[in-house]
Amino acid sequence: MLRLVISRLVSLVVTLIFVSLAIFLILEVLPGDPAAIMLGTAAREDTLAALRQELGLDRPALVRYVAWIVGILQGDLGTSITYKMPVSTLVAERMAVTLPLSLLAILISTALALPLGVAAAARRDGAVDRGVLVFSQLGVAVPNFWIGLLFILFFSTWLGWFPAGGFPGWDAGFWPALQALLLPAVALALPQAAVLTRVTRSATLEVIGADFVRTARAKGVDKSATLRRHVVPNALIPVTTILGLQLSFFFGGAILVENVFNLPGLGRLAYQALNQRDLVVIKDIVLIFSGIVIVVNFLVDIGYALLDPRLRSRA
Amino acid sequence: MSKRFLAAALLLTVSFAPAYAAKTSLVVGMPIEPPGLDPTIAAPVAIREVTWANLYEGLVRIDRNGKVQPLLAKSWEVSPDGLTYTFKLQDGVKFHDGTTFDSADVKFAFDRARDPKSTNAQKQIFAPIESIETPDPQTVVIKLKHPSGNFLTYLGWGDAVIVAPETAATNASNPVGTGPFTFKSWTRGDRVELTKNPDYWQKDKVQLENVTFRFISDAQAQVAALKAGDVDAFPNLGAPELFAEFQKDPRFKAVAGNTEGETVAGMNNAKKPFDDVRVRRALMHAIDRKALIEGAYSGFGQPIGSFFSPNHPAFVDTTDVIPYDPEKAKALLKEAGYGDGLSISIKAPQMAYASRSAELISAMLSEVGVDLQIIPTEFPAKWIEEVFKNKNYDVTIVSHTEPLDIDIFARDNYYFNYQNPKFKELMAEIARTTDEKERHAKYAEAQKILAEDVPALFLFQLPKLGVWNAKLEGLWENSPVPANDITEVRWTE
Amino acid sequence: MASPSPVLAIENLSIGLPALADRPHAIRNLSLSIAPGETLCVVGESGSGKSMTALATIGLLPHGVEVLSGSIRLDGLDLLALDEPGWCDVRGRDVGTVFQEPMTSLNPVMRVADQIAETFRAHRLLSPSERNRRALELLDEVHLPNPELIARAYPHELSGGQRQRVMIAMALALEPKLLIADEPTTALDVTTQAQVLKLIDNLRRKTGTAVLFITHDFGVVAEIADRVAVLQNGLLVEQGPAEEVLTRPQHAYTKRLLAAVPSLTPPPRKPLENEPITLMVDALTKLYGGRGWFSKGRKVQAADAVSFDIRRGETLGLVGESGSGKSTVGRCVLRLVEPDGGKIEIGGLPFSSLPQRSLRPHRRRIQMVFQDPFASLNPRRTVGRIIAEGPITQGEDPAKALALAEELLEKVGLPANAAERYPHEFSGGQRQRIGIARALAMRPDVLVADEAVSALDVSVQAEILKLIRELQQELGLAILFITHDLRVAAQICDRVAVMQKGRIVEMAETAQLFADPKDAYTRQLLAAVPGTDRMT
Amino acid sequence: MRGSSRIRPNAALVVGGVLTAILIATALLSLVWTPEVPTRVHIALRLKGPLEAGLLGTDHFGRDVVSLLMVGAWNSLAIAWPAVLLGAAIGTAIGTAAAAWKGIADEIAMRVSDVVFAFPAVLSAVMIGALVGSGPLAAVLAIAVFNVPVFARVARGVALQVWTLDYIAAARALGKHPLRITWEDVMPNIAGALIVQVTIQLALAILTEAGLSYLGLGVRPPNPSWGRMLSDAQTYLSQAPHLAIAPGIAIALSVLGLNLLGDGLRDALDPTLRGRSAAAA
């Protein structure tokens, strides 16, 4: 187990280094001078030069890369070019929206998908199964931002039940904040829930057909206990992997959904920072995004091993 | 039925109850969040819309009619040669951190702004300054190298507000000025909160206790926030297509005013075929400004024929100089040698007004045989790089939101690549002219030159679509400078 | 028939298959009965319906397969009339079941003790702590060493034999009246098989449980059965006491099946002394594992200084249990797996020292026939193309190669028009013939047959063995015949090498090895071959 | 019966095939005919509801929504197809090569695909848009980049399985070069899985394209695209909800069709179902 963790950790670090290099190189060749962008159309050459120096843009690329990485290792994400404040603070504020949003979405998606998938598989070709099939096909086909638009149309414009967007902040209280995140989270969750339902269903079906399930039934274990004790624990294994992979979709989707619902989240920040060429912020956010995805997949691997004793003892 | 009526009546009483106590808080909506809160080190308009006149004050201010008024300077004298300005400062003014405001602060603020290392976005304001003297704490004497006709006006802008040496470095995230409100908090991506400055030097003018600026970029969300009462005022609503609803709604006041934003389709005057004035005029003739405004801005916004804000006293209407006339356009194109058609491109930023205008212009030009390809170019990053810096474009489109910026057509190396010695000379004269009347006459002449020469396709003045609670008073209808001055805003009842 | 009050009585049972299947019935009008303490072997080839009978008895027929008529009575109780809770009551308590696949029949994420305890739990018997205690006792009863350790283990940590013991422990936990064993030893090595068969037999004697034992292997039948029922395509063709059926079969099918079981007595040996040595293998070594940064430790010595040679026209058998390294040796000899050391010469060609690139033109000299008739033929190519491919690769004209392929097809007993068809249109035995034709198309000097008949039913097996013998005679092939089945080895090999843990422990002429094994392991293997006392 | 002809039609295949055929037919038809010129601006007719002007009304420039949707179908496919095919070609090459040679090459290929996977697709698309200029090329590249690791993994996964099969060992024993084995023996047997993946990725590509043009990164205006129609519609949500509903349904039906087609093909081509009957064991 320890060996597995160490080998995974090494590959995690290697991947992170690759990712950070990739991010840095891409941003190096990105057209657009942050200084010129900040100062706008009225800027003069000497002002620009002064700003470039202030931002450290005149140093060689390697120095900036090393400085960036060293800074991150020391917990210093640098200072935003446009906001003139520590990126860590900026990110922390935005994270307070995106993280709950993603977690809520994952929660909704999982809470919807697991029972539906298992129920559909338990009674294959039954009414539930057919319903689930339709749901999963439609869910996958519908863009999350369009669901968001429709939600706004129905729940905000026509019914007036929910705010059309925006985020009151956690200061405004837990419920108002949660309410503002609910529709976006559902919009974000539905397509992924559809995917997850399908995965759960087929994983469950596969396990239901396994020999050991027949063994359990032959022992006299009834259907529901077999499902609970034998089928679901084994079906969960592939489902966790998909959940890990989906995280990247949740973050990617967050950019769109945050735009639709006007949420001050990390995705919007990334999009704005890119338009403003706030290189410091973009670098950090992309690294954070991909870092989270990589770390979560690492955790999924470990979790996988915890769920599956066969992997636990191997390596 | 009667039961329901009773319930409704009860509800009404309940909901009206708090309104009797004079409301002292205000939530102002803005489409764009400022990237920082120091207008003296960065360009974005949103910075000024939060801070100018609310947090920071300058020696003078621009009022809602575009006129220069005294502020931190209670009076001033200008020497006859236009080179020496002597300002008398207000007494008893304090910065939010408790330090006293005096002439040393003025000197510090202006020296900081004109320092070579300064990143002030309007350094040309300070360029003419020869020296700043502070004979006593209440007097500032500024000597200029050469006369600057608009010097006083410039000092009313956000770029020239007075900051204190103790706090200047951190103003971007923790602003300290002399204004009627003090900074309370900033939730990035969402809101900036201000509270009343208890030590403000003209405290009596201020009615509000708390002011919140909320940043809502999405138009639907702006409307929803207004209707839900989450936001009391949206001085510049992002969605013209939704503005009409508010005009009909008695709960709101909806005013379409003017901004300083001239929306123009700039052309690369150094590049063929735009070096030929016949082509430029032909393109101008091909554009139906009324339809354009209808399609791009739901009919709001004033058509312009030159590059000058209707807010300014020197404005003249030049839309008739080159009116919509597709036949004339075709004829001119033929004359210029493009009778068989012309294929050009427009680099259009992503802002709705710009991309929509580009689509409409493309459609209009196709009627006179010009194929205009649209190349989306994100603003500011890509636009500044490709269009503004490298001048790698045929046609582009943006709104120039700085006040009184007609002189950009006189600048060398500006992205239009426009060279007109006569116009340049006129601008130089204006700078030297201290007499207001004379200056205005020359501005009128300049407007006519541009209208005839068409260095850019002059389209419309960006409107200021203000919507606010009908019970609010004191908000600006036009914006001669980018600002949300809330000093004297109050709730009636 | 045997006893007035049978434990299990199946009468006129018919089981229907889904619409798309190749026949309408899995079982037709089957009647069987088992007396207390009796072992009934149901024997038949694949597809005979024997497993369906077992599954019907515990009410777990697969989706789409249904009982059409007939009755199944357990101690007088009409099983087919039971509802779901009723079935749950019967399963585990009255009928215990052991399935074929030890690798997949236990829940991989549940500890062994919990899986055994679950049998009690399902029937609401005993307290949790008592269940665990009983689980330990049961593990001990099935002779598992270290019951405490095994109880805490997960299935993957046990060997196949250990898992089958766990399965048996589980099946017998509630002392059922009937034990159903569905091919419980088929996936096991021969020595393990012997132990498990003995265990089942002992437990039956001890508890008096009736056993329904399903198998395809007459050796196993001979070892364990009191009575035998022979199934062919869902029909019962013969039934009777084991002694009678094995020695005096009545039905033609039973006779054919019994005749196809290879004898342990080898045929007379061929004179080979004057033939030249075609394949020479010297000190072949292969070590698995040790690759990657962190996977040190798990190293397996799959081949440890293996040396042998084969003469023209000779067959050398390589026998051993799973994991003995015999397949690795086979693949190393072809250099499909790169050996770590040692020398391979084919007719004087230094086969082991050539780099892969210059090896390719010489590959025709040694060819292979594989075990799995389904995985060894590319499903997307026509049979003709599959056979002609080798010569074409070696530069033969395609048209000629295809003509040759048709000739070869006839030679291996398939019609020439088979060349235009695809592999899935053929049965397992036919596919093995195609695989042989593919190898022969290269005109090889050496043929390696890796468990080439292991996946086939006995009747088919006999035909393929005959074909190989004939071809060898005609073409003078040197054959390395890898098998785990000593009966097969006895019939086809001139000499036999016994492998254990990567080494050849004994190599001798077949007759001599079977008559007078020198090595202890060889003796153990021979002793474990089932059915030796009732069949030769 | 031949191997290639053993495609069993099923409901998903039929419905998916029909929907996809309609999508492709509409796209192709838009090249030669649309009810109105899709770029023709008609300010006087702006924001008309369905049937007030044209079948599905007009947008904020008075353009005919049906015509826009039709050309949008073409543009959607014109980005999705090349992007997926490009990604599939490169990814399959990488994946099959990794499976054939294993070892270090395999390790590197998989690490790189991890890196690409770690980037949220939309974010990398925005970055590519910033790099090559937002437009169809950026969208194609961005979607292709994301498809490379997908296909590399799928191809590697199934190819590795195929490489363990005995017919590959047989082919090696015949002296075939690994490249030739990959081409003749591996490719035909992983083609089914790849085709299924192509349809699924096409569906995803249409979704991604819509997302990108929603953010203003796809096809250039005035050339219509479904995603941009949605983003334009957002500001007119209360006045003209049909503008938001029509393109969404177009996207959903296209994606649904391709997904169903993929599922149907998977069932029809599944090698585990082939040659296996429900015979008694």
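In this document, chain identifiers A, B, C and D correspond to the written order of the chains, with residue numbering beginning at 1 in each.
Definition applied: a residue touches a chain if its C-beta (ideal position, glycine included) is under 8 Å from a C-beta of that chain, and two chains touch if they have at least 3 such contacts.
Nothing here was measured: the structure is a model prediction, and the numbers come from that model.
A.B. asks: Looking at the contacts, which chains touch chain C and chain D alike?
C.D. replies: For chain C paired with chain D, the chains in contact with each are A, in label order.
A.B. asks: What is the distance, in whole Å, between the centres of chain B and chain D, each centre taken as the mean of its C-alpha atoms?
C.D. replies: About 45 Å, centre to centre.
A.B. asks: Could you please state the distance in Å, as a whole number, between where the Cα atoms of chain A are centred and where those of chain C are centred?
C.D. replies: 49
A.B. asks: In angstrom, rounded to a whole number, how far apart do the mean CA points of chain A and chain D lie?
C.D. replies: The computed centroid separation for chain A versus chain D comes out at 22 Å.
A.B. asks: Indicate the whole-number Å distance between the mean C-alpha point of chain B and the mean C-alpha point of chain C.
C.D. replies: For chain B versus chain C, the centre distance works out to 86 Å.
A.B. asks: What parts of chain C, by residue number, touch at least two of the other chains?
C.D. replies: As it turns out, chain C has no residue touching two or more other chains.
A.B. asks: What parts of chain A, by residue number, touch at least two of the other chains?
C.D. replies: In chain A, 31-32, 152, 157, 259-260, 274 touch at least two other chains.
A.B. asks: Could you pull out the residues of chain B that touch at least 2 other chains?
C.D. replies: Residue numbers touching two or more other chains: 218, 220, 223, 350, 378, 381-382.
A.B. asks: Let me know each pair of chains that touch one another.
C.D. replies: A-B, A-C, A-D, B-D, C-D
A.B. asks: In their complex, what parts of chain D are in touch with chain B?
C.D. replies: That would be residues 39-41, 43, 46, 60-62, 129-130, 133-135, 216, 220-222, 234-239 of chain D.
A.B. asks: How about chain D: which of its residues touch chain C in the complex?
C.D. replies: 1-4, 165-167, 169-177, 180, 184-185, 188-189, 271, 274-275, 277-281
A.B. asks: For chain B, which residues count as touching chain A in their complex?
C.D. replies: Within the complex, chain B contacts chain A at residues 35-36, 38, 42-44, 116-124, 172-173, 187-191, 214-218, 220-221, 223-225, 228, 230, 350, 378-382, 384-386, 388-389, 400, 402, 405.
A.B. asks: For chain B, which residues are in contact with chain D within the complex?
C.D. replies: Per the touch definition, chain B meets chain D at residues 218-220, 223, 239, 241-242, 245, 291, 294-295, 348, 350, 352, 355-356, 358-360, 362-364, 366, 373-378, 381-382.
A.B. asks: Using the touch definition up top, name the residues of chain C that touch chain A in the complex.
C.D. replies: My answer: residues 58, 60, 63, 84-85, 88-93, 95-97, 99, 101, 104-110, 118-119, 121-123, 154, 156-157, 167, 170-171, 292-295.
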